[in-house]
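For reference, the structures are reproduced in the following blocks.
Two complexes, one shared chain (subunit A), two partners (subunit B, subunit C).
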Partner chain A sequence: MNLKIAHYILVICCTLTLTSCWDQELLKNSKIVYGAGFDYESNNMIRTTFVVRNLGVPVSQGGVYSNRVVSVVGPSSRETRLQMDRLISKQLSASKNQLLLLGEEVAKQNIDHMLDILFRDPKSPLDARIAVVEGRALDIFNLDHIGDTLIVEFTTDLIKGAENKTEATKMTVEKAFRYSLDEGQDYALPYISYNEEASSPEFNGLALFHETTYTGTTLPPSDAKLLLLMNNESSNKTSIVEFLDNDPNNEFLTNTVTINVRNDSVEKDYSIKNNLLEKVTINLELRGNIEEYPQNNLKEKSQLTDIADDLSKRLTVRANEILNKLQEANCDFLGIGRDLNAYHHKAWNAKRWEKEYKEIKLEAKVKVDIDETGIIK
Partner chain B sequence: MRRGTRKPYRNKPYQIPTSAESYQSFFTVEENKQYLSDAFYQTDDLKFREVVLKDVKCIICYLDPLTSEDKLQKTIIKPLLERNELNIEKIVTSKEIRISTNLHEAVSGLTKGFAVFLVDGTQHLYILEAFAGESRAVTEPVNEQVVRGSHEGFVENIMQNLQMLRRRIENPNLVVKFFKAGKATDTKIAIAYIQNLVNPDLVAEVERRINAIEADSIQTPGYVEEFIEDEPFSPFPQMLSTERPDRLTAHITEGRIGVFMEGSPSTLIMPVTFFAFYQSPEDYNSRWYIGTVLRLIRITSFIFALALPSVYIATVSFHSEILPAELILNIKSSLENVPFPPLIEALIMQITLELLREAAIRLPNPIAQTIGIVGGLVIGTAIVEANLVSNMMIIIVALTAISSFAVPSYEMSMSIRLLGFPLMLLSATFGFIGLVFGLSMILIHLCGLETFGTPYFSPLAPFRFSELKDSIIRVPRWLLGKRPIDVHAQEQRQEWFSRRWKRNEDE
Partner chain C sequence: MKTNNTIHSTQLFFIIFQTQVGVGVLSLPTSLYSGAGADGWITLILTGAIIQGVIYILYLLSNRFPSSTLYEFAPKIVGKYIAFVLSLLYIAFAISTAVIVLELFETTVKTWVLFRTPMLAILLLLTLTGTYLAVGKLKVMGRFYQIVSILIVPLVIMAAYTLKDADLRYILPIGENGFGTILKATQKGIVSMLGFEVILFVYPYVQDKGKAALKSASLANLAVTSLYAFLTFTTYVFFSPKQLEMIPEPIVYMLKGVSFIIVDRVDLLFLSIWIISVMTSYASYLYIGGIGIQYLTKRKKTTGPIIIVAIVSLILSTFTHDRYTIETLSSYHANASYFFALGIPILLWIISVITKKKEGAA
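Our next item is the complex of A and B:
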């Protein structure tokens, strides 16, 4: 009887301890990759750059964090990853990657070539920010730090700051994957360039993508803002600065007005004839407060309406220019194709849309309302 | 063969003789005295005092340490000598007088603090109460202190404890039943319940289990608990042990049974659910939402004490990707120079902590404080500086210990902390999967556990939404119209619209 129980215990212990592989990955024994970059090298090779966080002395004992930038060249990102393992001590863990930078040249290729490795691994960071760099990603990472801030944190915060001001969409690795497979919706990644004057990276608008490739067209931050407003993506802090006609009578250097958008609503009107999309009108209504207007007192209601009307006209012109740019780049950022698929399905043809998008008529109408003028009139 | 059908064991010589067969007393005092003296094997504290009443030789016999000198003098010797009559029953003013011709009864009476009055020429033995009932003063129980509320605590004297209970429930329905257990000690055990409220099956079951106890001695209520509990191998305590009269009263008026024991200030309450261990009388003394918050904090403390070290171990050894990027650097930098895997680290800290607790608990207060400082501060700082344990682990273990001490019941706090160890092993070998399996096993066990026919994990399993309001949170008393169902009390309602004055006011 006792022997039988002893047997059972032995079997249970063996099955518990001996079966399956022990896939322990001690945090202590891993090297954390904090940023990654891809660049195009000649002969269809890519250059992968990893920023690895060094932690020599614990911070509690007066140590500081520092970066180690490692860069290798290879035919695919998995291959470069393997090379990287030979260069870096301990086990490489990319699960906490914060930032993925794509060089301009490499982004013009199919970006799935680089990102496939991320999508297959369940441990890869889906919320890492992804951005396109003017020039090479390696050059940005080689800056190492800006002031006291390490480069990866600096650039990530740069992008997050732009997201807060409605200048960039929140593009993570996961979203890039989703949009790049979507036929009726394109996307744009934040565009980072190096500012010589400030000797630091700079957020410089949006890089427009079509499916999986960079179209080569970028929008400056002010246009990006208007585009995002047309896409109903305003965050709580959106300010629009616009030049008004220069009044020769006032002694100010320029004649500008800044409004802070409180509320915006977008309506898209589709006019369809014979199951063919002819024209899309985008009606954007902005309600805002005046944030800056040094030129005049705004005592009269009519003055406000004048400014609002003037702004409406100018913004309409700008919005139409932006739409033209989008069409030229064949970037369906506003997701018109997807709307068509959903609401006007008869007019939708996935194969035709590739060419059709460039030819439809896109028109924007912006209407500005001004609610408040701040605490002074 | 089932245990219940066995014949009772024959008493061993050292055990208390069963008084089944009687032993007729003698006609002369000398013979009786000789018998009693032999029955106690000439023990030195058995005293005999000769009195001559109306020329008849009488002997008062008593066990010196058990009898009160005061009572002996005032209620027995003084009236007898003053009246000088043999009409003992009318003269002696003891509160209990038994007349017997059975010497066995006299012997067992002597062991309980009675004095035996022997009169020459008659077989009658007068067994007179002269019990010394001193006990220590009533103080607040150290391990169940409250800020607001009663500061009374049970003492070692069972009669005084019952008095505290009777004072709180002045109801003829409050029934106390005595049992004797322990063949060598004959310890008094009492159960108390409210007749016509308590489930009669429950009383019968408790009586049956207590009567089944056949042991040489019952030292503490812990013995009783282990003899009568349903699942002796479960890690969870299945009876609530308390030294607070108010806590016991509250449970008895909900239809539960309290068990008292001579010589111990702890009483046992049955049947209880898991959540009873997380309730404190204080919850009802403060405003109801404060009580609610306190209960929620205690439930959080349960989760922390059980699983926090295991979650941490699983995270840093298997799933570091779930940590936010800012946090991972802090944790990693503190781990960097520690030579041990997280499990060993946690074991070092946990064992150090248990050692400190065990060392400090039995020491006098000033030394215990020194141990606390040496252990907590000195070891804590030095062990991190020596890179034996990481800062994070210290935080985790300290938080776990604090959480486990937040449980109002000491036994529950210990069992939860001990359950943490197998969970730590599981999460160190299988990560979150192991942890989830371990927690599931605990949950399954909790759901399956029954004490005295009551589901232990009620009201979560079986789920009763309306009873959550007095287990996980505490709603105002006037909303608790019904008693908990799982006790199976004979009457469900316990409150009848006490706030109806409000309605009248509006009219």
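Our next item is the complex of A and C:
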């Protein structure tokens, strides 16, 4: 009998300690941050912008979702965060944040300083998308909504769309943390700018980073696509549009051909002499289908080969231009340093690499094969 | 056979396995990285091989005295007085291990999950459940360990899922730092693999002694080694080198970025499973300490001694709680554990072989 009572007491004690009364965070008591942005103000001050969702009347009862954009200036991200708490009723919770925008100026500083708050806090959202904005992040968030869509969802979907079309790599806060500390590999974040004509934000290519800072160089979406193909990332929604070497007076409206990439393979050849890297050749092979070719009908196989050869030449030129741009920006996007460390370890020197990368010869060779022509010839 | 409280050799496997898998697994990749760089996972495999040798010696020692625990056969080997001191030391070692487990558990839970929960509540969580389990005799422990071991499967799946973002180049070239460094770092690996010494205390209760028991122990070691090597490997191909230097618990950190459709924080799931593994190794050490006190005080039941051990370790663990102090404490503890898990048993075995002391022959 006594044993039974003892058991009951034990069970009650256990349940008392097992319910975590101290650490509950109720949704009704918190304001959820959907998007965050950082901008550089003068004198080492940064501006933090939060987009907070108002959850008033539920949508099922005829309510509408709306945003509140709050922006404050302070010396560090955590400090602005604390200021933010004074401006917002209820507990502020950033753990569900899905989008982080960095203003152009702030990205040129060490971004790790701003992101430290995210790396350190166990509740921070490491899977939030991160992107660079032309101008200020605040201005994008101040748009509030585009059509029916709220600005954060709109911008996040822009980025996700670009990822699907191989125009941007999936860059989350976690990935930025990984690559910003990696001496043998750099990265690029999606670049968002404001399109006056459409009065909406627009995905405008990639912002090239070196270690923790934005280099100031961007690649337009079409170049970004080719760069990502060279980095062996592809999806079957990748389309390449390229001018063809046609007679300019042939009275065609369009002088381009569009191919959809089905398959791509990349091989990097390293030529090393005396434990020094001299030249890297990137052989990119694309296999695709014709998506648009209004100039002529493709009755003969030889026509396809001609187009493919022409494309190969033109894409090779463009690929080499992109590589030059990368080297000028000192952005080792293709992870050549990492490759060197892994496969040609004797030629690798982390300290030397910082300067070495700009001086090595990078050459791209693109070869295009065309299989299909759509449902007409 | 002293009691009918016996365990099957399968349960021996799970007891050793769950005692070995514990609090150390979270910090293991970082501590191996600081020793052997990106070759840390090779170190781990090497550590497993070394421990296999030790397990064989522990088995030989236990098999000379198949019906007594270390507390009982030590007097037969080294005499009453030295054995008394040894037993005291082993009890102290078990208590200090329990304390370290409690402290590491508390800090980890506090930094990752329960930020505002009072320290005592977190410590009680482990102490109450662990004591309850340890009091329930070896057979219950064995069965419980067997049931909860199924939870290792989701743990492995979670870690394997992150391999989709892996970059193999982070661990290449293999053997970059040379064999010497890899070998030297094994000492960091051994610490988190501790727990195999439990064989010295549970061997008399195993039904099928001899080869079957050795097989169980070896398989347990193999399972722990491969689990640890796999987990370490996944973090090494996930994080870039400099990150590994600054993230103390890489496995949890790695899973923090993963989110499935419904589950947003996979790291919390991982930690919930990890807590069970911590509890089982904690309970094992309570048991080791408990039966020591029971033997020295010549009591009949282990319940009282185990509760005493639990209370003492609970009190001791409330003292310090900052990350750096605990790191220093656990490095002292790690050094001590070489003696208790490797040194003393091997010495006892050598003496017993030289003096030809054996059960029944003495």
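In the analysis below, the second predicted complex is superposed on the first by the 354 of 377 C-alpha atoms of A that agree within 3 Å, B and C clash if a C-alpha of one lies under 4 Å from a C-alpha of the other, contacts with A are read in each partner's own complex, and residues count from 1 in each chain.
FYI, a contact is a pair of C-beta atoms (placed from the backbone, for glycine too) under 8 Å apart; a residue touches a chain by one contact, two chains touch by 3 or more.
Small disclaimer: the values here were computed from a predicted structure and weren't measured.
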item: Touched partner set for A:Ile32, first subunit B, second subunit C, both or neither; value: first
item: Touched partner set for A:Phe177, first subunit B, second subunit C, both or neither; value: second
item: Which superposed partner A:Asn320 touches (first subunit B, second subunit C, both, neither); value: neither
item: Partner chain in contact with A:Cys13 - subunit B first, subunit C second, else both or neither; value: second
item: Partner chain in contact with A:Gln303 - subunit B first, subunit C second, else both or neither; value: neither
item: Subunit B versus subunit C as contact partner of A:Gln109, first or second or both or neither; value: neither
item: Which superposed partner A:Asp339 touches (first subunit B, second subunit C, both, neither); value: second
item: Subunit B versus subunit C as contact partner of A:Gln98, first or second or both or neither; value: first
item: Partner chain in contact with A:Asn164 - subunit B first, subunit C second, else both or neither; value: neither
item: Interface residues of subunit A shared between complexes with subunit B and subunit C; value: 17, 22-23, 96
item: Partner subunit A, residues of subunit C touching it in the complex; value: 111-118, 121, 124-125, 128-129, 132, 165, 167-170, 172-173, 176, 238-243, 256-259, 264, 267
item: Contact footprint of subunit C on subunit A as seen in their complex; value: 10, 13-14, 17-18, 20, 22-23, 96, 122, 126-127, 172-175, 177-179, 181-183, 185, 335, 338-339, 341-343, 345
item: Residue numbers on subunit B that touch subunit A, as the complex places them; value: 315-318, 320-321, 323, 325, 328-338, 341-342, 384, 391, 429, 431
item: Interface residues, subunit A side, partner subunit B - complex; value: 16-17, 22-28, 30, 32, 34, 53, 55-56, 58-60, 63, 65, 93, 95-96, 98, 123, 125
